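Here's the structure we're looking at; comments come further down.
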Amino acid sequence: MMRKLRKITFILFLVGILGVFLASGALAEGIKVGIILPLTGKLAKFGEIEKKSFDLAFEEINAAGGVNGKRIDPIIEDTTGKPDVGRSAIEKLIARDKVVMVGGGYSSSVTWATIAVAQQRKVPFLVNTGSADKITEQGWEYIFRLNPPVSEYPKGFASFLQNVATDVKTVAILHENTLFGQSGSKKFKKQCEKSLGLDVIMKEGYEAGAVDFKPLLVKVKSKKPDLVYMVSYIMDAAMLIRQSKELNLNPKLFVGGAAGFTLPEFQKSTGAAGEYIFSATLWTPSVPYPGAKRYFDKFVARYGTPTEYHGAEAYAAAYVIADALKRAKSLTPRAVRDALAETDMMTVFGPVKFISYGKKTQQNRLPTFLVQWLNGKLETVWPKEVSTAKYVYPFPKWNER
Amino acid sequence: MKRFAPFLLLVILILFPLLVRDDYHQHLMILVLMWVVIGAGWNVIAGYTGQVSFGDAAFFGTGAYTAGLFATKLSISPWWAMAAGGVAAMAVAFPFGWICFRLRGAYFALATLALNEVMRHIATIWEDLTGGMVGILIIQTFVSKVPYYYIALALAVAAVIGVQAVMGSKWGYYFVSIREDQDAAESLGIDTHLYKMISLNIAAFLTGMAGSLYMNYMGFIDPEVVFSLHDISIMAILVGIVGGVGTVYGPVVGAFIMVAVHEFFRTGFFGFFKGLAALTGSQAITTLAKYVMQAHVLGFGILVVVVILVLPNGIVGDWKKITGWLPLGGGRRSAA
Amino acid sequence: MRFFEVKNLVKYFGGLAAVNDVSFEVKEGEIFGLIGPNGSGKTTIFNLISNFHSPTSGSVLFKGRDITGLKTHRICKARIARTFQVVKPLGRMTVLDNVVAAAFSRAKTKHEARDLAMETLEFCGLAHRKDMLAKSLPIGERKRLEITRAMATLPELLLLDETAAGLNPSELVEAIDLIRKIREKGVTIIIVEHIMKVIMTISDRIHAINFGRTIAEGTPGEVANHPAVIEAYLGEAYARG
Amino acid sequence: MEVFLQTLVAGILKGGLYGLIGIGMTLIMGVMGIINLAHGQLMMVGMYITFVCFHYLGIDPYFALLVSMPALFLLGVAIQKYTLNPLIEVESILPENQVLMTVGIGMVLTEVARFIFSSDYKSVQTSYSSSSFFIGEISFSLALTIAFFIAVAFTLFMFWFLLRTDLGRSIRATAQDKDAALLMGVNAQRITILTFGIGSALVAAAGTLLMPIYYLFPDIGGPFTRKAFVITILGGLGSTVGAIFGGLTLGLAEAFGATYIGMAFDDMIGLVIFILVLIFLPSGFKRITKV
């Protein structure tokens, strides 16, 4: 008898679970937009910032009346930072949730695995972070990219070298061995040698997360370059700068190639050592785009932590998505794609217009800036027209401060 | 009944894409089948031969890169590289095994771990060949999932049947003898070094093939993805031990469970928590759902700890133990 | 041509000589006993013959061929089989599979291997246990499994390491019977044994060692009365007492 | 010359810390005969404790040693008692199931840390974090130099402990010959538990000492686990002196490799040395030093 009772409870339990699953299928009806981000795993930190920004933006859009009176329902899927899981996520979004378009896309490997599906299924995908050049070099008509590809990050810095730092003759390039570091540094080296006429005397990669960069830096020191250009993420960036200080390594210019050198954590963990460090960047709260600073403040007010360029990319992408949905003739993937192709708007991340140039198609083209840490604040120093402070050049020597 | 179970399973698997037409589930099944192949390989060297490998990703990645390089450098269809990927993985396994099989037990395991990392570094640093972290990108051959599904199925079936055949032969007896007692095996005329090499190369071949399949199917690889210690090597171990160490169908069960569990956590128990939150409107459950979804690696970790403590021989290996617990299995227990 | 011969075998572990200049010869078809107190180097000699350890110097000759330094599995192929003092059953395999694995060293097909294994099991009186897991056998039968497995490799020379240790009196009798039966099959046997009663009853000739050195050789009667042997064993008895 | 000397200094200072990481691992390996693949993750936990002490309680990292070491000792004891020791009785095909278990424990620790602290980078910025002093042209990082001397002090203390105390002798006896130790009345279970605790506490110390100059996030454990086993194999299992040699060798090899071959090879150099030592010098430097 007891056994029978247990059996019945067990079956009832299973039925109950099934019931909740079925219930979960029949949820609110809005315009479904899929967002693909790494919310767990190693990349979770940035995925989380992007998710918060998407949430913030979609809430604002919905509060302001949504898209022609309809709510946008973002369905945010976790890729865990793995391509095969990313693919599971987009297959689910398209096949089960029947989204009209997809956004997000963080690391290049996951982005690639997912956009291929989007193209094949003819669902538009707006990439806002995946930065491998190849993503928009396939001529795929359903794929759009908001952020510039990795090879274009040092663009803004070049004009500074040509106009201000003209006495720089030799360059040492240090980079992390990641997609970002390897392609960014390669491109910069080419640019130095071909168009800037600089002598690259050293180019060396390192595995992110090293404890001690001194062997590398002492080598740099012995070669006495005028410019040290580093493509590094936050913590490696901070270690490089701190240990340069320890070694009293004094080039004319320390420049970070985007990424790590502009983030608040960099300042926090270098302290005074971070002063006067330059960095190329796509976005900081001080960029001259409408709403950039406001977005930053809103984010801090809401979540209590600062945001950075990944967040701005996501926030801008949400508005581009809303804009395209508004203009779309119908809420079908095809119509949304056509509307996206005609996007021409201003966002917190800059102007967005998908154009074709070189090998790239449907790629947004953005200027890059040069920023410098001055008095603990990140100031835009180049191009001159948009600068918020005057640059300090050359770099004051560590032991003379 | 038990004898026909594999055939029944095979028929279901053959019919699967015809019955379940949505890409999402087909994709998950392709992953399951790929893991069956990797798990079968791991099971040969670790489960049957007793030489635990922490470095399956070295073979997986080699297979994947072989396919990728065939396509990008030689313009040969990466499908040809399926076999070549297996062979290339063997080319890595051969010198490695030759040198490192003088190490026993945990030391061999550490050496495989080191191999895993060395291969990843090589793929990262040798930019001219591999493209470094930029990775390799190819355009997939098929739009539909179905061809990939059947290729993966063929590979998985071949792997399982192949392993079964090997294990029923002299090699199989030798592998298990080596696992049980290497000295005794050696004294019975078994060239333990040779047969460990054979076992490792079978594992490498299967894993390399799975890597090539991955390249073909996913279209993009970089060193972090295919030489990942966590996502490939450890996952292979999990598939092996959860399914059942040293059993033919263990990897099949293990692959299915691991992919399902992974997806289960990722989607918050397939939307269970979201559904519950929506039904009750409770903020607490929404928060809980968020945590549950973030806990998938934690879930894996706990799964490892629990499986090793409670089901050290995996689900297939300790099947009798499990049926004893379930209330539904009560009928049989009362007989005892 | 001599059947089996050990010449000037020396083995150092670290700075200590475990075997120091031991030589003996075994004739085809005989049971040759190797005795000595605990730690005198008997098992080490077996390990040197089957090359679990390689000798520091000296050589092992089998049917006129120098087999010193041949890999362990090749020694087995050369038809010298051994058992272990601490039994090494292939625990999670059945008794039959244990023997089949051994039989593969002679059989070409699985079928042949099974037949050979079954035959050997019958011969050694372990056929009734064939489907049991080796690890669940009682100690006496584990020792028997060791011998069965060794016999399935069809050896011409069998090295038995303390086969009788730990057996009860009735098992002891069975073990002695089995060893005699094996010899009748034409297999030459070298036996290491601690239990004097066993070795004295079955051996044709005995070689005694202590501290890795030869102290006596001869028929059981001669060796038992050799003063050096008595001293060695008395010494041990005192030490124990 | 300056490059050479600076590299030498960098290698030695780093090697001191590596030695401290290695001693904990080598004790565990020697006594239990297993490889603790959660070693780096235990260090990560120690680092988080240091971070919490500094950030919320305002305790200087060097004083935080007094918190992180006992805490990790208890954690190590719990891990050994409730997850590793029970495995001795579990019947399993794979003899390496204790090693696999440590992998699982490592994953759990990492993810629990992520749960509590998220994936954000944390660092401890003290007044001395980026200070240095110069001897001639050669720069010495202040924090790293202090860490080096504390590490040396711990190492000497461990020597004294292992050679001069009863518990230390029991641990050494168990490491050398488990069966003999059992015969002599050593309670092996208790010894393994204590050893795991001590090993964890030592690696926590290494983590704490690293905190002022390094940074922290949940995944930081993995690379240090790898370094730890490289050091241990280099040094020879269970050998304390060996662990120090192993640590210094790895530190120097990494530093010189980075300077004269390339920083990208940093990790690989350690791994290649590791495989070479495994093959050609199976008992590590123990064979040479005999301690």
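Here are a few things to note about the model shown:
Note that the chains take the letters A, B, C and D in the order they are written out, and that residue 1 is the start of every chain.
Methods note: a contact is a pair of C-beta atoms (placed from the backbone, for glycine too) under 8 Å apart; a residue touches a chain by one contact, two chains touch by 3 or more.
This structure is a prediction, so every number in the text was calculated from the model and none was measured.
The most central chain, judged by C-alpha centres against the centre of all protein C-alpha atoms, is B. Between the chain pairs B-D and B-C, more C-beta pairs are in contact across B-D. On a Cα centroid basis, the chain most remote from subunit D in this structure is C.
Each chain gets a centre from the mean of its Cα atoms; for subunit A and subunit C, those two points are 72 Å apart. With centres taken as mean Cα positions, subunit D sits 31 Å from subunit B. Centre to centre, using the average C-alpha position, subunit C and subunit D are separated by 46 Å. Averaged C-alpha coordinates put the centre of subunit B at 44 Å from the centre of subunit C.
Residue positions of subunit A with contacts to 2 or more other chains are 44, 177, 205, 207.
Each of residues 92 in subunit C touches at least two other chains. For subunit B, residues that reach two or more other chains under the stated contact definition are 121, 124-125, 294, 297. Chain contact topology: the protein chains form a pattern that is neither a line, a ring, a star nor a complete graph.
Checking each pair of chains for touch leaves A-B, A-D, B-C, B-D. Against subunit B, the residues of subunit A that register as touching in their complex are 3, 6-7, 9-10, 17, 20-21, 23-25, 27-28, 39-41, 44, 77-78, 80, 82-85, 87-89, 91-92, 94-96, 108-109, 112-113, 116-117, 120-121, 132, 134, 138, 177-183, 205, 207. The residues of subunit D lying in touch with subunit A in their complex are 2-3, 6-7, 10-11, 14, 114, 118-121, 123, 125, 129-132, 134, 139, 141, 210, 213-215, 217, 219-220, 223, 254-259, 262-264, 266-267. Looking at the complex, you find that subunit D touches subunit B at residues 33-35, 83, 86-87, 90-97, 99-101, 103-108, 110-112, 114-115, 222, 226, 229-230, 233, 264-265, 267-268, 271-272, 274-275, 278-279, 282. Of all residues in subunit B, those touching subunit A in their complex are 22-28, 31, 121, 124-125, 127, 132-135, 137, 139-140, 143, 214, 218-222, 224-225, 231, 262-263, 266-267, 270-272, 274-276, 278-279, 293-294, 296-297, 327-328, 330, 334. By the touch criterion given at the top, residues 50, 52, 71-73, 76-77, 81-82, 84, 88-93, 97, 100-102, 104-105, 110, 113, 149-150, 153 of subunit C touch subunit B in their complex.
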